[in-house]
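Next up, some structures in structure tokens.
In the two complexes that follow, chain A is the common piece, with chain B as its partner first and chain C second.
Let's turn to the complex of A and B:
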């Protein structure tokens, strides 16, 4: 048996063992369960998808489906659709940061690349710069280029580790912002691209609030389920192992760098879809859409909800959008950044696991008499 | 084999650069040399700001993303003190002290309690940068503030061969940057506190074990690092100008300088600042709409071949 075959065989075995251990519904973490892996390699069946469905899932889904029928168009579009699009981009960061251990500040840049490519290949107000292709060609091209860009960012940043990732991705993101701002021949400089609209398909105009809401809901739900699936698949389990202990995973024969870059590629796909939704939502893309404040807003959204739960991205997005829309009525319109920055600071300082972490802690305190509480040790690291 | 590759890459790097050098001098020598001077003076500003960033990072592993905000704060304080009193030296001192004080506050009130949690500290600095930037915008507004150069350095320096005249202030930045670099080097390598800081960079736990109050060393380093950002702010208030948004620009510059030069090394910051400053000004002079691309290409090249920066060492 050659070395390569041997390694592959080991990989398959380790992946299966880890898969058997990684049950759904719990906080991930190979490290906490790895101690028993040696003596009981149980070939447990992966539970069927429906076993994980709880009453709250049904309630939330029903609420989301019914939402546009009792809410005003303003709520449906400005709050609902925008939260879903932003949540999808934040979900890509949650996947990278919470499960891959790589905080990338360039996810909005990746989304922005998709938006810019859609505006350049598709139709926009700038007839001289846009190629004006139909949406069904422009959208796949935009997603593909955006995934390439995201993979490239990943390739750059996984060469260094941990804390460096945040610096490099921030540098890349800000550099892309300045490129969009200064370049007129491709990115149309300060103005960007106006009038990039969602298409009309089968007589349904997706520019209208309700159809657009359902489009965004479908994409967000798809992205959420995809991430939930990937996190239980061997790839996702390996990724979480790499987050917890890259050296051990390397010793087990996993290609750490390849896994990380693949995670960036997958995250780029989600961010690209979110970016396209966001461009259609705004109807335009400008350098400001990929500016520093938005790079950081994505991080804020992900951290606000809680980076260890995929649903946290959407929770954070709803809160962020609500703050953005209504907080300015309570205080000065100009002071939105102060509010958001303050809320973010408070969350990071007092509850590193976000609002969902806060909620879990509250529940634990209430049901502290139940012995179950002891089964969920909290990780102290953020 | 590897030696041949190395030679190939060096050639691939040096050849286009020397072609550009010859072409630039032949095409318009005056423009070429003025751009060179602009680049070097910008580099010394970048160095002053980024050396504080790298100092803090090297010792505490704290990526202070509020560094740009401290730059802005120092610049504003320097502007108001300078405009009020008319003494540039006072403005410099005020900018340094104000930023150092805020930095000290950050270390004592927040970062001391999350030692070793790199990521959380970084996120806190992100939050702080948003809050500080917005508070400054609230208090001072969005107008452009530009401090006038001190009397002795106002106006141009005449009768230089080739470029005829050049701003005295910008010319003075060059020795100032070098002087600050030398002082920082002397401080780190020849004084007791500097020795402690270097020891802390190498092994924090061991330094504490020898009976030195590490918290004090950390606080001092953070104050100096933040103060350098403030000092850079006052210098930048004359050379560039102070306006919301400059914090991001200088933060980006600091990030790239330390990524290119090598994190935690003051000499690396000097190398990185020179490369970035020169590349940026040449880009702006010769290919304005693509100048950021050059910066980016440099970043990518360095990361591809030396992931820890030109002078960086394995952690």
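Let's turn to the complex of A and C:
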């Protein structure tokens, strides 16, 4: 969400009511509010969560719920579940980058830490290395250690800006890759851990495509709603203020560094959940899961979808997974990166805000040809 | 007049100096922007810092707020040595400032700028939970909005405000929470005569326990609202005295005669 959108979002509530009280001759401010896409209100209590629900939300949710029942198991699992898991990891980057102004390349590393810890504390094919604890102990431990790792990455990098943040986080990611590759006593070297499977719970085997899809959907939806909620809570509002003007925020009493590190911790939680899903999805984790190409893929997914709204991470993930899955049928595996690179380049060139940005521009063009659409916003006022 | 900031017992009990500078210096490489400045502001005291462009006034403020580290010297705030404290801790202790060129969230509304200012010195900065019911933070922001007379433009983005309104907002943000000492950096710069009168009224209406330091080129304003004046020149303190003494000082008159008009 850009600063302008953020402003619009905040104006959506009380702002709309006070529209008439604005200064005369302040055209730009008023008109930009009228077409503001915002259904978000910064740190204003929403009368009820349901007030924010729009028709498009219902349609998308209904589609997601019905998807496994008309799609093949292959589509459900390979496309659906994988996109949701990757989207969750990309969402952690969108939160850091889009809302905190911090581009971390180590989010797949953080996810990978969770994956490795799950394999080490839980059960895997490597009986000598894995402790074999039940999933309900191993999962919380994995998330906790992953959050510690994410916080550490944040602590290392928050004092840097721009390209230096990218370099430091990339260095951490590469270091972890080599650690996994070369350490056999804990990480089992290049083999990693095979046969790390999702559990069976209440008679439901989450290894099967449809249950796993719903597990991934529940996690993704939870992560999405969590971020949407936190962005309007004091913490999220402050984070966006820090993104826009850290010096001023410091001079208002905010501990900028602590806030940024806390954002890394929260992002690590999302990445950890995504990382666990991804290990269950693949049934294994190896150094390649946290290799450089995956570090960059997370960035590609987030940018592809658009970092200005949390949904962009999932849009990007679906596109990425579709390309990955079907481009291989058309061209050989080596050329796949070329296709992804080409699509990425095209999107970044034509729309710095990713696919969401393209969509927003399209909508704007439609609404300017039909000006009455802007005068009658569909949204009901709370 | 709008409501005044609620007094807290701690402030009422505080006596002595609100601010005490002991030989404060700040250099940028070879440039000694501020050199050996010492003065104090009593609790409830009001001081003006005047001087030509580049005299080091803003740099002095930056050292007091912690934006710049002091090269040498100590800064005491209500007796506590805050020289090494990071800016946010000084702010939470009750120090506030305004900026010479407005430093605002230009894309946010006036209301939300004030809201962030209130939130910065309130509890719950890290809260992941949205406040339920009537938010005291929101209420405080509304109160500030009224005090700096910007209620009518509360929902305008800052970028759409006039220069004068942006200066008002700067002051509003400095009034958030329970300030004990405010540093005003040329609040009258670029204001119309009518806006200047409003500014003087606002400064005079500040609660008596609230100290401030005012950088101001317009002596008509500076000398009318303070009880002590410091004249700075090339980073050093040139003169120090009551407004009457400074006004009639030949050296000061000479410096200010040299100025083309009043900025």
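Keep this in mind: the second predicted complex is superposed on the first by the 321 of 382 C-alpha atoms of A that agree within 3 Å, B and C clash if a C-alpha of one lies under 4 Å from a C-alpha of the other, contacts with A are read in each partner's own complex, and residues count from 1 in each chain.
Going forward, contacts are C-beta pairs under 8 Å (C-beta built on N, C-alpha and C of every residue); 3 or more make two chains touch, one makes a residue touch a chain.
Just so we're clear, the structure is a prediction, and the values are computed from it rather than from any experiment.
Of the two partner chains placed by superposition, A:276 touches none, neither chain B nor chain C. Judged by the touch definition given at the top, the superposed model places A:171 against chain B, while chain C stays out of reach. In the superposition on chain A, contact of A:237 is made with chain C only, not with chain B.
In the superposed model, A:267 lies in contact with neither chain B nor chain C.
When the two complexes are overlaid on their common chain A, residue A:356 makes contact with neither chain B nor chain C. Once the two complexes are overlaid on the shared chain, A:253 sits against chain C while remaining clear of chain B.
Shared-chain residue A:184: touches chain B; no touch with chain C. Those residues of chain B that touch chain A in the complex are listed here as 61, 63, 65, 110, 117-120, 122-124, 126-128, 130-131, 133-135, 137-138, 248, 251-252, 255-256, 258-259, 263, 288-293, 295-296, 299-300, 303-304, 307-308.
Residues 103, 156, 159-160, 162-164, 166-168, 170-172, 174-175, 178-179, 182-185, 292-293, 296, 299, 303, 334-335, 337-338, 340-342, 344-345, 348-349, 352, 381-382 of chain A are the ones touching chain B in the complex.
Taken together, the chain A residues at the contact with chain C in this complex read 3-4, 6-7, 10-11, 14-15, 18-19, 21-23, 26, 28-29, 33, 42-46, 229-230, 232-235, 237-238, 241, 244-245, 247-256, 258-259, 262, 266.
By the touch criterion given at the top, residues 65, 67, 86-88, 91-92, 97, 103-105, 107-109, 111-112, 115-117, 119-121, 124-133, 135, 137-138, 152-157, 159-160, 173, 176-177 of chain C touch chain A in their complex.
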